[in-house]
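Heads up, the next two complexes both have subunit A, just with different partners, subunit B and then subunit C.
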Partner chain A sequence: MTRKGNVKLLQGNEACVEGALYAGAQFFAGYPITPSTEIAEGMSRLMPQIGGKFIQMEDEIGSIAAVIGASNAGCKSMTATSGPGFSLMQENIGYAYMTETPCVIINVQRGGPSTGLPTKIAQSDIMQARWGTHGDYTAVTLAPSSARECFSETVRAFNLSERFRTPVTVFTDEVLGHMREIMTVPEEGELPVFDRIKPDVPHEWYRHFEITPSFVSPMASFGEGYRYNVSGLTHDQDGFPTAVPSEIKDKLDKLRLKIERYLDEIASFRTEMMDDAHVAVISYGTVARASYQAVRMARDRRIKVGAIQPFTIWPLHEVKLREMLGNCRKVIVAELNMGQLVHEIRRVAPRHTEVFALNRYDGEVMTPHQILDKIREVL
Partner chain B sequence: MKTATAKTNKKDKSPDADRYEIRLSGSGGQGLILAGVILAEGVGIGDGKNVVQTQSYGPEARGGASRADVVISEGEIYYPKTMKLDMLLALTQEACDKYYPDMQENGTLIVDSTLVTQVPTKKYYGLPFTRLAREEIGIVMVANVIALGAIAELTGIVSKDAIRDAVLARAPRGTEEKNKRALELGMSEARKIKRK
Partner chain C sequence: MTNTTIHSDVTHHFLRPKKKFPNVWCAGCGNGIVMGALIRAIDKLGLEKDNVAVISGIGCSSRMPVYLDFNTLHTTHGRALAFATGVKMAKPHMKVIVITGDGDALAIGGNHFIHACRRNIDITAILIDNKIYGMTGGQFAPTTPGGSRATTAPYGNYEKQFDVVKLAIGAGASYVARGTVYHSTQLEKLIAGAIAKRGFAIVDAFSNCHTYYGRMNREGDAVAMIQWFKTHAMPIEAARKLPPEKMKDKFVTGLIHETDATEFCDEYQALVDRLAGKEAGR
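After this line comes the complex of A and B, so read on.
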């Protein structure tokens, strides 16, 4: 059997690069950091070939600042980093939320805190993705688990960020970033590609942060002749700082509602063998693959267990998740940290469901046997 | 000795029931990561199977035992890392000692017979990959390609056309002929020792 089409053996990181190009990325600014460096390398090679721009900045603070600037100039923009760099970016990520600037940030997770474990896997930035920068905002975070998904989730990240004028983070991990996997690169047109909505009103009518029925404002680029103000201060619909309570509330509601209203479209899950499951294993990223393996092993032993993998970690679709859990009395949340998403699952799980945490934080991948042992333990 | 095609001991019907796990091991500089990538491209692009290649990063990757793992399946590959090796290639004694315990009971062990002098089992294939590379091809660097030829012959996990295409696609310009000869040498030497 020979595969048809453009078949490649790609690292997760390389697949993110290909996905970004597919989605129409034109700008990358970054500061290389293990285990994300291959993304910067790939971008530095490919951006010039398509007439895009690659800049290695002085640090991660500058990188995300350049990305925000490029996006406001009309380019689909991206950066990639790992834990320490993601921490440095937080202030400006907040600026991107507030100024409603579309951009994609890939975090190839490694062990922390601080410099931590550059070459070892972890999933310990999951809560940082949600609450990393200060203030109220609604984060969108996607978590692929294969080369193919690194490609498609990066495309989706660009689409969501353009569609909702918001930063979107893609959370992978060291193992996923570095492992090579065979995949068929999608043809042009196979996956949707979304470009931001441009204003169609006369210049003098344009409001950069207009509260529309969808809560998403059309976006003019710098230099297109529209006049507006971009500020990190809480602002009115023209972008000028405001202290009027109703305007403040409107702005914050806009940041939340433009995402929450479209949760059904944003949320994406994969389930395996959940139909008759009494026990569910919830996991994401590389661990999800160990879970699928463990579920098969458990099924061979006639244990009724299934697996749920959220691709959209934030916002978590509570209603859908509760629906999927159905009659499961027991849920195991397996993650490579000391327990992060498990708190969220505890919060949203139906009352009759017992939630167990399975954690590993020694820099190694969770194995299927570890998950199988936990399944047997909670039965 | 079990080969990829003769695997019938797994009864489960899961998509990766034909899962086959390979580790290529030796010391840093023997080109094992590259061999892993070539094998994965042969299996994945040439033969159209699913394949995942992983390796260890960090201090372990420099000096000492070095390794590349390849997991192959007709169906979807869930867990990307190896669990129990169906095949182990060991080009050094240290790698053989370190990774032999990770093998399945009936797994295929292939060693460099000049560098691995104490083999922990009687059921193994030994070929002098490094010596063949130096004496027959004239460059030690192609020991990994000779090993790939032997793997294709002994396990059948990758078709000969596919591995040939994969080696040539990765061979630096001007070395195609030497790499092709190395691969064929691996196949022909393996044929001599293959159990019927």
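After this line comes the complex of A and C, so read on.
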């Protein structure tokens, strides 16, 4: 049941803040950067009110470092940034993967490279989300397309990060971050909220990186009597640096398997009119909104086209995606970049499917007409 | 009061004996002496192991937490203080100690260093100051003296140096001390004082890297380098009475600066309480 009081007019950025609080965020560290700043501002106002912690750090490297520190000390933790800041965070994001530290990073995308277009929309960090930090790891990245989804995907990001002990990134964009929409804030209990699994063994048996049958290790926090070691050096199950080949391989396999095994749980899509579609438009974030409209316009013209919107961009659920594509002969991947996710779609699409890229990278939004034109062009 | 039997027990009590020993350090490296002083300081203060977090960056010195039986976080190069800031805010009742090298704290981590000082957050930083990058094989650091050789200063260092003490005082730290690995009992006391201090505390611990700095600058082995600390250190109390020309080739040791300023986490908690009070008063 929704009360009237739960209907709010929220920016995407504000919805991320509300979602984080709903999920139980207790710590935020950040550094101001357009177009993400409203998230830090919201946190600076709300965190002290709920007894949580807010800190404006000296840069984004320090922000993500503080977030990881706080998470190891037991807080659900988050930061928010945009391109230049996300680039600065990369080394420590790798540290979070390696040390299996839950945390949420929101990237409100703007145009790049470099300082690029601080106040204009882009989706050009999609590959950075997957491969931004060095080394082998499996990234989890979610992409909402409305204020309501900014809320729910932020909640889901916290849940997944706690559930799998891994950093999770939420990728929005400048337009989504700043656009105001009416949304109903979910009641307590309406969305699931997951807390990290705590160890139930005596202190001396605890292994912070134990390779369990599920590949996810329970997580004790600093100060709870377990006194473990955390290191970004490749480590054994106790967290101590190792150079033993089998231990190295086990560690890296664990990082991958604890995500890959649970793809069905992590992956999330929305589809529209895909049942009889010959052409599919795949898009995510703000662009997905234009795609739905384009599909409806095309249907009015009796074109059998449908839309697929992955909310989980990384890892992309290949099997599900192939299933959804079904008998589609043609796929259009619409993105606000020079072509990023399209490479992944090309890799996973069935052999009989032709993949077309529709790209815009002039700082403007993708319009339904642009997508409709492309649909007609590929027919 | 020193008693060797008690000392060895204390050492074993606070180490992770079954873990990764022997350690990675060269025989004679000052890092071990600093670790000993830290352990004894913690013991004297009577701290609970569970209530202590030791956090480090990357470098030979930063390997220390791995050996210590506390909550330990071995982080990325230069960032230990930023990680520690998160830990401290999340668990303000914990004692948070950072082990860092001169390159770690002052070059790549310089920004976090001055801001940790400025916030006056209750963290104790022990900076193992060996005037060189040990771990990567002897490149010059922001502390390498002018003229000294390093693998990236083959003709002698032509850069200027940071004075850690002045930097920390200028940036707002509330406890600033310097010790050496020769004066290990003094070091222990300075570290104990730093941990007990509520606010940002830094102990600049002069240490020997005979493997690189010593060899490249013909300063001899570990013993010779540690001897040098003995002959060139001047306690702050004595230094204050000496004319500048007598201090020329000396460096000051001891508790050099101490102030009482409000601490960051306390300020934050006061804000939380104030807001809660407002809420209640509504």
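Just so it is clear, the second predicted complex is superposed on the first by the 374 of 379 C-alpha atoms of A that agree within 3 Å, B and C clash if a C-alpha of one lies under 4 Å from a C-alpha of the other, contacts with A are read in each partner's own complex, and residues count from 1 in each chain.
Keep in mind that, in the parts below, a residue touches a chain if its C-beta (ideal position, glycine included) is under 8 Å from a C-beta of that chain, and two chains touch if they have at least 3 such contacts.
What you are looking at is a predicted structure, and each value in this text was computed from that prediction instead of being measured.
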item: Partner, of subunit C and subunit B, that touches more residues belonging to subunit A; value: C
item: First, second, both or neither for A:Pro35, with subunit B first and subunit C second; value: first
item: Which superposed partner A:Ala290 touches (first subunit B, second subunit C, both, neither); value: first
item: Touching partner for A:Met274 - first (subunit B), second (subunit C), both, neither; value: neither
item: First, second, both or neither for A:Leu46, with subunit B first and subunit C second; value: neither
item: Subunit B versus subunit C as contact partner of A:His178, first or second or both or neither; value: first
item: Shared contact residues on subunit A - subunit B and subunit C; value: none
item: Complex interface listing, subunit B residues touching subunit A; value: 12, 14, 16, 37, 40-41, 43-55, 57-58, 77-81, 83
item: Contacting residues of subunit A [partner subunit C, same complex]; value: 26-27, 29, 48-49, 51, 53, 55, 57-59, 61-63, 65-75, 77, 91-92, 95, 221-233, 238, 240-241
item: Footprint of subunit A on subunit C - complex, ascending; value: 16, 19-20, 49-51, 53, 55, 65-66, 69-76, 79, 82-91, 93-94, 111-112, 115, 268, 271-272, 275-276, 279
item: Residues of subunit A that touch subunit B when the two form their complex; value: 1-3, 7-9, 34-35, 118-120, 174-175, 178-182, 286, 289-290, 292-293, 296, 299-300, 365, 367-369
